[in-house]
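Before I ask anything, let me first share the structure, which is written out below as structure tokens.
Chain lettering (A, B, C and D) follows the sequence in which the chains are written, and residue indices restart at 1 in each chain.
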Amino acid sequence: MTTTARHADRLLHAVRAGVEIYDLGRLLSIGMPQSPNHPPFWLTMPRRHGDMVRADGGSAANDLLVMGTHVGTHVDALAHVSHDGLLHGGADAAAAQSGGRFTELGVHTVAPMVSRGVLLDVPAALGRPDCPAGYEITPADLDAAVDRQGTPVEPGDVVLIRSGWGRHFDDPDRTRYVGHDSGVPGVGADGARWLAARGVHAAGADTIAFECLRPGQGHSSLPAHRILLVEHGVYLIEAMALEELARDAVHEFTFVLAPLPLFGATGSPVRPLAVVGRG
Amino acid sequence: MTTTARHADRLLHAVRAGVEIYDLGRLLSIGMPQSPNHPPFWLTMPRRHGDMVRADGGSAANDLLVMGTHVGTHVDALAHVSHDGLLHGGADAAAAQSGGRFTELGVHTVAPMVSRGVLLDVPAALGRPDCPAGYEITPADLDAAVDRQGTPVEPGDVVLIRSGWGRHFDDPDRTRYVGHDSGVPGVGADGARWLAARGVHAAGADTIAFECLRPGQGHSSLPAHRILLVEHGVYLIEAMALEELARDAVHEFTFVLAPLPLFGATGSPVRPLAVVGRG
Amino acid sequence: MTTTARHADRLLHAVRAGVEIYDLGRLLSIGMPQSPNHPPFWLTMPRRHGDMVRADGGSAANDLLVMGTHVGTHVDALAHVSHDGLLHGGADAAAAQSGGRFTELGVHTVAPMVSRGVLLDVPAALGRPDCPAGYEITPADLDAAVDRQGTPVEPGDVVLIRSGWGRHFDDPDRTRYVGHDSGVPGVGADGARWLAARGVHAAGADTIAFECLRPGQGHSSLPAHRILLVEHGVYLIEAMALEELARDAVHEFTFVLAPLPLFGATGSPVRPLAVVGRG
Amino acid sequence: MTTTARHADRLLHAVRAGVEIYDLGRLLSIGMPQSPNHPPFWLTMPRRHGDMVRADGGSAANDLLVMGTHVGTHVDALAHVSHDGLLHGGADAAAAQSGGRFTELGVHTVAPMVSRGVLLDVPAALGRPDCPAGYEITPADLDAAVDRQGTPVEPGDVVLIRSGWGRHFDDPDRTRYVGHDSGVPGVGADGARWLAARGVHAAGADTIAFECLRPGQGHSSLPAHRILLVEHGVYLIEAMALEELARDAVHEFTFVLAPLPLFGATGSPVRPLAVVGRG
């Protein structure tokens, strides 16, 4: 029947030759930094080993998970943001959410991604260890990263923008990463347009929001969300772990993302991967 | 710097030549079939569009997710099952779960998988549309599927065993798929040893448990869990959607799985992928 | 200062003379019957004794509670039901719920109740052990109960209507009490008007909804909710345990109810009490 | 039948003559101060009006509640604390919690309380507006309050100890009330013994824990919990609202408490009442 498949499939051939996997998802643990706009992460074991032991000596433990869908590393579905009452494509947001779920633009409609990914290492292009708090990453910065790396952005790519802010994720001060008072570096309206103009499929960042957050302003204005999610239908991936890719200067890779198909939801926790063939 | 990477990476080259992605995860929706042993799935929107509109006309909606980690398509971590008080590798289960989480064998220790996957289509090998309720899939059945397909199982593979029972997942009678009274087809102790002997990395099924469940017996005895999880450290993936792979006779593929790194948990909801290169 | 208070307080004097407390709340446990319209009840211990022992040998265990607010014995706030888009008092329901909570008519606005309570034992008045499935309790039935008991209903009273259906709450078949197929006895539109005409403050029942549910109809029409909650501002208390009051022929008592002040919610789980002085 | 009941019941007679109810429970809202040891409070509406409108124009909204049981105003069951592995009465804590719930000493075993309550207004006795952060309330302070008020504590009473710290509950700085760095005033080991010696049934406080918390020490040592819960079986009620009672100099009253009968849980959110007869 399909005995010839393995020989014809160059993808599988490359996989079998060996791959290196970069884990771009943050460890999900109680107390990790998250926005107070979203339900807190909690995880607990209703059943532990020994609670109910079967006649043969077997025992199972299990968990209860409670969390917002925009907590930890996560993807924003197009339903997440509206502007002037409209979602991407012009759908009326109030009508679309009737029933308590987004049948049309919910995260279950986000197709799994297996595609080219590009890391734009902005601090490296700027000759700095990281972008300062509140710094707006400009189109010039993005161009500089592309040039330095030799990785042009192409239509359909997933582009991950490193600001260096991700190193604060594990700071003992849980408010540091969220950065309400300090501000957080990121792409502003101009950078968002730069990405949209290149036809990217999704864009990611190592910050809690794919935005430049000004000191003390919080999420009062989210132009990159409007431009990318609402105007151009570009998915956003936030709170990514990008330090290892940068350390190893891996700027181009196979990007893999499989959001949980939560029917009607506005987002999903995810564990994105960057995969590099070693064959 | 790394400008040569894209040329050297045959994996990415294959991806860019085009891939077909089979989605092996079930849609996660309120009321879907699940075991009563696990906390029910619930999903709701704390914030809808219009609840809080920013000065610039922007608005965000979000979600609260509540669920067991062994609900919908999911992976079992090694911590999930113990036998005679011991986990895989001989760790004491009571000590390992102290603190309410498994630091050592929790699902956060399950490395993302990008590897060869094999579908063993048992009903096709048996010349039937599906395996009957309570049917035990035997080593002979597994051999027959391998032979018919020409897809030998190799060490490190992820092997997905189709029983055909997955078609009941969307049955209006939510108890049908769970199959407590009817029984559910699956691999028993012998089939589990067959898999373990071949050194598979993980094994999946289209049923709610990777087991042959006898009519009316429920989960009273789970030999495949014991043999695979506890004795051999083989991860289990349950409630998979395997019908499309079978329909298209895709028996060998690149298998991708990225469990949520839930610190200390016994399992994670997942959306596994089977990827086939078209280049 | 207030040393004279205790002598002046006849309430406290009566309490100190001895009271008998009837517990009208159902035990809240996983798997108890509830409507599928509401998030299921779940309860688990994140921390158990021994997980974290203090230097002095002390240890604390705690819980995580997940539930709908109309699960188990509960009270409906006026915000719970609207008719033709309007809440009690004519407020626009869509506007009132903006922000995801009812600032005005939420359950936090339900004042604690310490008042006269009356049990109307309808089966006793009918000379039956209980009302049959789907039976509509009529004004004539309510009059008969009042007459038999000698307990006229007065303005401000809390009236609890026993149908006898409460004995199914603990049925091993969890669908029995919900009674979708069988129907459930209760007050219909006429009985609701009877209560409203008497100016009751709240009304309770031993069924999952304060309604007569026809076989197979479920909650497709809820006239008592409309008349009592929306038109007359009468709170409803559901899934009450009324068998002990009936057994002891306690038809008049001090009724006590203290809903959890859940800000903006449509209901609250409660444990109502009927207190009888023994002094 | 029971027509004479109303005449014989002096309790109901007193209630009908008029009562004043003091609400001792805190408003439960997202973001309120709570200990990070417990799962955060969250409340959201899965269904809003308009999501599903019945043919007759009716619509229902409902809620999902997620919270720890020691969050907001709450009662501690005897199962909450162990010492040297033992619960109150000498039960082995590890055995008692097997199965993930406390069948014996869980909060469902806490009988509803309708009894004499006494407020001990410590700041008033000290001639201060409130007790300073970290202040230990001593037996001498408690004696002074009793003497000043003329309200001796008697066996079976519920004693509420006001420190004045409750005014910080609504502080915009949510960490203020928790008081980790500042410390929190409360009863220490000596005060706990004072209460135990008087045979009180339960004891309450206006702080997040019924303890004197030293600056920066958090919950590292909880002697009052040990003495009252473990050694003497006295229930604790925490995070109470006691300012109104103090303002009105109400030091003696009918205390009412009906914990949710959460099967096997270590605590329950509650809305305690102080009721004063006006007849």
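List of remarks:
Just so we're on the same page, a residue touches a chain if its C-beta (ideal position, glycine included) is under 8 Å from a C-beta of that chain, and two chains touch if they have at least 3 such contacts.
No experiment lies behind these values; they were computed from the predicted model shown.
C-beta contact counts were set side by side for A-C and A-D; A-D has more.
Mean C-alpha positions place chain A and chain B at a centre distance of 23 Å. In whole angstrom, the spacing between the mean C-alpha positions of chain A and chain D is 43. The multi-chain contact residues of chain A, meaning those touching 2 or more other chains, are 39, 42, 44-48, 50, 64, 66, 100.
Chain-to-chain contact here is organised exhaustively, every possible pair of chains being in touch. Looking at the complex, you find that chain A touches chain D at residues 31, 36, 39-40, 42, 44, 46-48, 50-52, 66, 98-100. Every residue of chain B that touches chain A in the complex is listed here, in rising order: 1-3, 5-6, 8-17, 19, 21, 23, 25-30, 37-39, 43-50, 54-70, 72, 79-85, 87, 93-94, 96-97, 100-102, 108, 111-112, 114-116, 148-151, 220-223, 225-226, 249-254, 256, 258-267, 269-273, 275-277, 279.
Within the complex formed with chain A, the chain C residues making contact are 42, 44-46, 48, 64, 66.
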